[in-house]
Every structure is written in structure tokens, then in C-alpha cells.
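Have a look at the structure below before the remarks.
Note that the chains are named A, B, C and D in the order they appear, and that numbering of residues resets to 1 at the start of each chain.
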Amino acid sequence: MPVSTSAPAPRHRTAAPADRRYILTLSCPDRTGIVSRITSFLADINGWITDAAYHSDETSGRFFTRQEIRADSLSFDIEELRERFDRVGAELDADHLQVTDTAVPKTAVLLVSKESHNLYDLLGRWHAGELDVNIPLVISNHLDLEPVARMFGIPFVHVPVPADAEGKAAAFAEIRRLAEEHNPDAVVLARFMQVVPPDLCEAWDGILLNIHHGFLPSFRGARPYHQAHARGVKLIGATCHYVTGELDAGPIIEQDVIHVDHSDSPADMIRRGRDIERAVLFRGLTNHLQDRVLRDGLRTIVFA
Amino acid sequence: MPVSTSAPAPRHRTAAPADRRYILTLSCPDRTGIVSRITSFLADINGWITDAAYHSDETSGRFFTRQEIRADSLSFDIEELRERFDRVGAELDADHLQVTDTAVPKTAVLLVSKESHNLYDLLGRWHAGELDVNIPLVISNHLDLEPVARMFGIPFVHVPVPADAEGKAAAFAEIRRLAEEHNPDAVVLARFMQVVPPDLCEAWDGILLNIHHGFLPSFRGARPYHQAHARGVKLIGATCHYVTGELDAGPIIEQDVIHVDHSDSPADMIRRGRDIERAVLFRGLTNHLQDRVLRDGLRTIVFA
Amino acid sequence: MPVSTSAPAPRHRTAAPADRRYILTLSCPDRTGIVSRITSFLADINGWITDAAYHSDETSGRFFTRQEIRADSLSFDIEELRERFDRVGAELDADHLQVTDTAVPKTAVLLVSKESHNLYDLLGRWHAGELDVNIPLVISNHLDLEPVARMFGIPFVHVPVPADAEGKAAAFAEIRRLAEEHNPDAVVLARFMQVVPPDLCEAWDGILLNIHHGFLPSFRGARPYHQAHARGVKLIGATCHYVTGELDAGPIIEQDVIHVDHSDSPADMIRRGRDIERAVLFRGLTNHLQDRVLRDGLRTIVFA
Amino acid sequence: MPVSTSAPAPRHRTAAPADRRYILTLSCPDRTGIVSRITSFLADINGWITDAAYHSDETSGRFFTRQEIRADSLSFDIEELRERFDRVGAELDADHLQVTDTAVPKTAVLLVSKESHNLYDLLGRWHAGELDVNIPLVISNHLDLEPVARMFGIPFVHVPVPADAEGKAAAFAEIRRLAEEHNPDAVVLARFMQVVPPDLCEAWDGILLNIHHGFLPSFRGARPYHQAHARGVKLIGATCHYVTGELDAGPIIEQDVIHVDHSDSPADMIRRGRDIERAVLFRGLTNHLQDRVLRDGLRTIVFA
């Protein structure tokens, strides 16, 4: 596995103890008294809340919350916190419950093909300390972007994806093996031009993110800027979403658009669209890594 | 036909002679020398150009232009101008050629149902002198908005649209008869909740405008905000487009969006979306009335 | 006082009992346990929370909250609720504490001069039931907009404002007397082209709102679009803010901008800017009337 | 001068002959017949126009144009083209006249201090072939960003800027000498935290660009995000402008904003603002390098 050893160290910051947080997320059926139950739980353990968000969804009848508390405000460790929070979750019939520790860094594996702008952007932000994550590996079905990963000192593995079913299955098995060695919190399709097979979508459900260069649900599939140009839309967009078995139809995390007009050719749209792709992927991935995204069927709750 | 005679006169401004313009639009197959031909034509007739726009479309291989000239800069009248411009158009194999006079007011007929916000907005802007058009008639398949039209002193005609095919055909024949009495430059579906039959779409091709409360081509058809909510999008939009026989699939004139998040219910989207519907319909209609919109198949050239 | 009696009744909706809400707002010095104290208070009284928002401000060290509860979930009346909430406020050293009842309509008095677009927009939205407020009076220092108020059946009073100090003081005393007869929750300067004297700004502190047609703090004072054009900015804006003694320098409630370019003359900016003025004033006023705006010195907390 | 020789080659594309363009820009006093004169000139030389833009400024009374023509459509070279175009300019009393060749690459020198995000972004885009320019040198008054320049294989020179007048003058003389060795078309202050002395602003008038992390003319000078937070604005912005002797007051090329609310601390604004800084600097610099920006006093014409 080629590793560049000459690249400069990235500019990561070490958090002071006062900056260490436990992040608690929970979803459950909605009923009265939930907020009170959660806040009294946090008050009982003397938790110093630094950020709190709640959402009661009228449509689904479900309740969602995310709480950030200072780790140094508790007199016990995260395992004890998890046990106690589990008991609250059980009372509330929680279907999702999680406690994470900001002192434990998250890990993301990137999958790319030939388009470089998202890779440059993510690695540049990572190197600058703006994207707080470990990136142990870039995997690609082409060799084009190896020098970019190498520049930033990130291991790059080339896994060609053949057209035949058997070869393709073997390639994705290899991709899975390589990624899962790193126990990733996110696998990011950063303009990876292959359709991920359903079983892998399922295995990575909730951690597999894609950036689609169109405003979904419009313009699913290939060449969305060309589709947008042909349809004559006056805005083009990008969408960061969780990947499910159905192509470009998973829960949306983040979207944005820019205005275009008749003078923008498909090539102009491709060029101008890169800025929204970059920004949308970065925001979507950051919110995912900070446990700000909760799922409610096809919809997402994003406590940004 | 009920006409309120008590309403105050709208605040229309009378243009000074120096503000009178002839507007020339043309489209033709693209080739070198077109701009030079048009500008030398305008120079030859001593036309004082106050606004000029050109577009060569790479995809369709067609050329489009719009020229505004001061009427008082010419030594002859508009008929003579049309004749001379026709000759230029013939040289260039023009497939669209038009000369209009800003001193001749345009006319728009409005079709509405029960939703009032677009009607209030258009009539308020018209009354304030901001929307420069005659509005001789509001037609509706319901009685709800009669008081609104009456407030502004605009005749209102109620044409119920029955569910059966024969009744529906008769209703649309009546709507057509009523509207065409006024020789309209625009017929505006301002949240008219009936599907206009194909033959009328064809008859009014290029003058029939709709405001759709969704970001087309996503969410065609009924209840687009509910569709958007169910899909979990992070932006909602509105689209002003020409109506063709295919539902919500005509050439787009103007679009805009606003950000929404998980806390926005369908009712919130309906409420918040009204502002973009208003703004998008007003801008789309204004550009249409000022001869700023040229068509290139399913796409529009908007010289805004 | 001229009152049009012929105007149609506005389309106000009557709320069902289940839609009646009590809105509680509070601000106090920040410390741990506040959220728990408030939520346990609401749980103790069996309050059915339909919307809840919190903010701890790092800079000012203050805490802010807004809670909406269903009126029919309480077993006692609003006076009892106020007494009980007062005790919570006292515990928390609250410097702001308020309970309002959505069944008691709010009142807004509008002050205008000659520009009509904001008046048309507010009255149109009010008449359509979109802006939920009583508007008992429009006051103006000019007669131009009397027909607009009259169309909508709103009393209009003309109070000329002379240039001399004594005359001006008398005029503003009259304006104050007229407005305060209606005990307004908001006095809105909807393009009122007079500087309100400091004593009146103080008397109406927190209820006097202005729409400024510039992106404050840029372009304070007169002719902001001309200032923006001369400076060559690429975006123009509008700002809704509370009025204080210092011109165009009060706490900002809402702002927005649109892109402009070199082809936009000052007249184009005036025309195009109206859409953001309308939207910004409507959103700012609505948030104010729904008790969504809390003040933190020169900053506002807007629980939108 | 430290030069990394190990960095991978950037992904620059070689333009095909058919993509080579001559770009003609001109400004002159406005009068009738200018467009015709220019288009007939281009028709006479058989120039194949691929992009054309015109602007007549009502306020300044000046005319501006930019024309792109295919180099291979002319039967003579650029020197001959310049001579012929000079004659047209003389007829029109042009005060600005320029012909450039896209086959001759432009050069930009970057000045930075400690903030890395703009440097990462520009170098990443340059390396990806998205920013079409030579970058022969990064100059900084600090050593922090040397590894970043080195990663991308760009020479980095450290020129400390002392606080005393004499030392500062010497430092800027050195900066000038270093930059001018490369005959730059742009000198970019990419978060360079020193005030450039007036004589150097004058020497580099029209090629010295700055990215200011505020929506000018608001929040000039230091710590604009903190100023914006203290003022309580609801939008924050970034501005790319030409640098003149007056601090943050030069002609604006590009601006953009994002919405913020009360929950955004100054640190949040700094973090979130980076995306607009990046996008605004890239667009402003690209438009400058493509000769799309013409100056009209304090205003700019941007033929984007």
C-alpha cells in the first residue's frame, strides 16, 4: 500500500479538556414529558449542557433530541453514562440511542474515481484542521487521483471495477474489506462513478454518504447537469444524502443551489456547480460526523 | 358582469415621449456576421439603442437578440420599422421576429380558484403601478375571490368547471371566449386548480403562464409541498413556466427556492412558500410582458 | 376620520380551541439547571408543549427561552399561569418574563408616507388572513396613500409633519395620541420618511419597527440604494429593525439581500429591492407579533 | 529559495488551437454607433466572436465592451490585431484598450499570513486545473504556511514585516521586488494581515486584489466577524476587491453572504464564513484573470 511519508503533518488541533464533550442522541415515539425526563436526567447527573436540540415530528409522531455536555462535568466515565442513558431510553421506548465522545476521533474512508474537486476540497480542509476526522484511506477504481492522495500523505488503493458481474462483486468485496479494516464512521462517495451494490448499501446503511451533482429528486442518475440543461432549469444544485439500495433516492442530509441562465452551457454548469458540490458535501459530512443527523424514514433531522 | 365602480383609480404613470421604446426580438440559425448585420441596421436607421442583448446557443445552434430603441430616435413609424426589420429577418432566415411598442399597453387575463395570495400580490402591484399591464378580467371556477377582484375594481366572472367531460369542455370554451374578447398578451394561471385542456394550451401557446408551487421538474402535479415534505428535501421552490399540453412540463421562465429544514411541516412550507410564488410569478410575468423571454424548444432565453 | 364601509371583510380565520396557545418567553442570567427548571415547571402543570426554543448566549452570558403550550392542556386560566410562571422567573432572576394568549389578537398601527409597496403588501396579506393582526389605523404625513387604506377598509388619518421644531413636535404628539388610543403591540414605519423623535422612540421602545431599504449597518440614512450604487456593491438588501434614538442603528430583526450587477441603475435597484423589503418586513413583523423576538442589548434572539 | 521538487505535477490542460482566444476590452465615452463600429470592425477582419458583452453606464456616461474571438479565425497575428484595434480605440476616444491572448498564461503571486483556508483552496483549484494561472511564488510574513506551499510544489519566501516604519518599508520593498520578478497579472492578498503601503497600492493599481471577510462597506478593518456579531446582523459576507490607498475601500469585484442567526458565535461565523471567502475570492480572481473586470471609478463592470 503506497504511503507518502514526505507529506507535511496536517494542522490538527488538540482539544483542551474543557472542550471534550459527550454527545447524546435519542429518538422515540413522541408523548408529553419527554423533554422534562431528559433534562431532569441531565440535571441529576450534574451535566453541563453546551448545546441542546429537540424536535417533535408532527407527521411521523416521533421525538428526536441531541445533547452536548461537557465531559468534565460528570463524576463518572462514559460507560456509566451509557448505562444510565440506556435506562432513560428504555423508559421512553427509544428506537435510537447513542453516546459518543468527541475525544475519540471519527474515521472516514473516501471512494473516488476521476473527478478531483471534491477530493482536493476534503483533503485540503482535513489538512487545515477544518474537517475533524481521520482519513486512513482513499480507494479508487482509477489511478488518476493517486497523486492527490499522496500529496496529502494519505494511503491510496486502486481497486479496478470490471464490467462483468463476477468481477464487480469481487471488486466491491475488496473495497468493503479495505474500508472495514478501519472501522469507519463514514464511507464517502466523493464522485465515485460506480453504483454500489445493494448488499453493501445495506451493510453500510447510515454511514455511506454520496454527493450527487443535482438537486434531488430531480435529475437522478448519470449526467445530471446535462439533464438540467436540457430541461432548461434556472437553478442547479447538489445533494448530499445517505445511500440506500435505490439509486439517488436515500435520505437527504444537505442541499444547495445556484442560479443559472440560458448563457450557461452544460460545461459552465459543471464548472460552476463544483462550488456547491464542495460546500454541500463538506457540510453534510461534518453534520454526520458530529452526530447531528438523525433519520426519520426517508427524512432527516439535522440539528445543525 | 359585476364591476365595482367605487374602487380608487390605480396609480399608473404616463410615460414621457423620451421613455417610449420599440422592442425588437429575433431568433434565427446562428452564423457569423449576425450581430454586425443587426447593429448596422440599427445604425443605418439612426436607432438610439437603450438596451441590447444577444445569445448564441451552442446546443441548439440558434441565435437570439432583443433590442430596445428610443421611438423618438426614428424618423418613421412602427409600420415602416416592421417592414425594414422583416427584410433583415428574411436575410437571416429568422424563425421569430417581433417589434412591439411600449406605448401600447399589454393585457393580461387572470385565472384563479381559491388561493388568494398570488391574486392579491398581482393586483396590489398592478394597482401600485409596479406591474405595467391592463387587467380587464379575472375568471374563476369558484366564487371565493370575487371580493378581492372587486376591491381592485376588476371585473370578475365565475365559470364553474364541472367534473364531467362535456361540462368541462363547455366551461373551457366559455373561459376561452371570455379571455379572447380582450385579445390578451398573457393568460395567467394564478393558482388555477384545473388542468387546461390540450387544445386550449395549443391555442394559447406562448401566452399561457402558470405558477407551480414546486421546483420543477421535481414534484409535478398536485400538492407539491406535501410531496417535498415526504421526500425530505432541504429546499422548496416555485416555478413560472409556459403551459404546454404536458402537465407542469412546459418551458421554465423563472424559478427560485428557499431553505427549509426538518422543523417545517407541510403547512409551514405552504406558508413560507407563498413569498417565492409571489416573487417568481411577478418576475416571470414581467419578463414575458416586456418581451424578454424567447423560446428555444423546451428552454427559454430570458434577457432580464 | 374617514372610514370606508364598503370594503369586503378580510378573510380571517377563527382558531379552533385546540389551536389556542399560551406563549411564554423569559430571559435571565445563564447558569446550569435552567432548562430543567422550566421543563419540570411545564411538566408539573401538565402543559402540552407544541414548540420550545432555548438559547444560551456565550457572549452576553444570558439565557433565553420561548415555549408554546396548548391552552386547553391547563386546568387553570392565564392569570394563574402568569402567577406561577412569575415565581419561576423570580427564582431565575429573570429580567424579561411574558405570557401571551394567541386568542387575544395583536394590534399594529402603520405609519406611511408616499411609497406604496409595503402598505399594499401588508394590507393584502392582512386581508388574505396571512398576517394575523388587527390594523385599526394608518397614519401618514401625506395624502397619497389614503385611497389604498380606504380600499382595504382601514381608517386613514393625515397628520402633516411641518419642518419647524414646534410644528414637528405637535405632529408627533398627535401621531402618538392617535396610535396609543389603540394600545398597539407594534407601530410599523412602512417607509415613513420622517425621523421619529427620541422621546417617542423611547416610549415605543420594543414595539416600534422600521423597514430600511439597505443592508444595515451599511447605507444608513437617506437614499440607501443610491449610496449602494455609488459604492458599487454587488448585493443590495433590506433590514427590519427596532427603532431606537440613533438613526437606523437599532437591533436588527431580519435582513435579506439580492444580487445586483453593473447593469442595475439606482432605479433598477429601487424596483428590484421592493421584493426583499416586502418579504423582510413581513417576516420581521410576524416574528415580532408572535413573540419570537427577544432582545439581548443590540442583538436579537429570533426563535423563528 | 526553498522549492519542493517532489510534488506531483498539477493537472493543467493544454488548450486545443480551436480553443485559443483573443480577448478585446475597451472603455470609452458613450455615444451612438459604438456597438456598430466595433461589430463591423470584427466582421471586417472575419473575427469569429465566441462571447460578446456590452454595457452603457447611465450614471457615468461611459461605454464598456469585452469581446472573445477565435484566434484561428484571423489571418494575421496579435500585433496586427492590436494595431488595428488601436485605430478603432482612437476613433472612439477610448481610455482603456487591451488585447490579450489566452495562449499566454497569466501569473499570480500570493501573499498570505497564518490563515490557511484561502491558500489551500486556491492551490487545490490551481493544482486541479480549475484555476488557470501560473503561481510562481507565495510570500508570507510568517512561516506557518510554508508546508502548504511546499506540498503543492510552489516556492515560498518568508519576508517578516517589522512594526517599525523603516523595517516595514524595507519589507514591502523586498515583497515588491520578489513579486515583480514574475511580472504578475495579479497579486492576491489571500488573508495577508498587513496593510499594504499607499505607494505599493498605487504601483499595483488594478492588479492588487484582496479578500475581505466582511460585507463591505460594512465592517472595514480588523476582525469583521466580531464586528458583525456585536452589531447583530443576520447575514455575514465576504468581498473581493481591488486594493487602493484607502483601507478596504477599493472597487468591489465580487461579494456574497450567508444567513446567520443568534446561535452563531463569532467562532461559528469565522468557521462558516470560510466557504464564502473561498468562493468569492476564486470567482473574483478568475474574472480578473479572464479580463472580465473593467473599472468605472469606484464601480466595476464584471462581464461574468
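Basically, a contact is a pair of C-beta atoms (placed from the backbone, for glycine too) under 8 Å apart; a residue touches a chain by one contact, two chains touch by 3 or more.
These figures come from a predicted structure and were not determined experimentally.
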| item | value |
| --- | --- |
| Pair exhibiting more inter-chain C-beta contacts, B-C or A-B | A-B |
| Of all other chains, the one whose Cα centre sits farthest from chain C | D |
| Whole-Å gap separating chain B and chain C, where each centre is the average of the chain's CA atoms | 34 |
| Approximate Å spacing (C-alpha centroids) for the pair chain B, chain D | 39 |
| Chain A-chain B separation of Cα centroids, rounded to whole Å | 42 |
| Chain B residues counted as touching two or more neighbouring chains | none |
| Footprint of chain C on chain B - complex, ascending | 6-9, 11, 116-117, 120-121, 123-125, 127-128, 130, 147-148, 150-152, 271, 274-275, 279, 282 |
| Chain C-touching residues of chain D, taken from the complex the two chains share | 55, 57-59, 215-219, 229-235, 237, 251-257, 261-263, 265-266, 296, 298-302, 304 |
| Sites on chain D touched by chain B in the complex | 32-33, 35-36, 39-40, 42-43, 46, 48-49, 52, 54 |
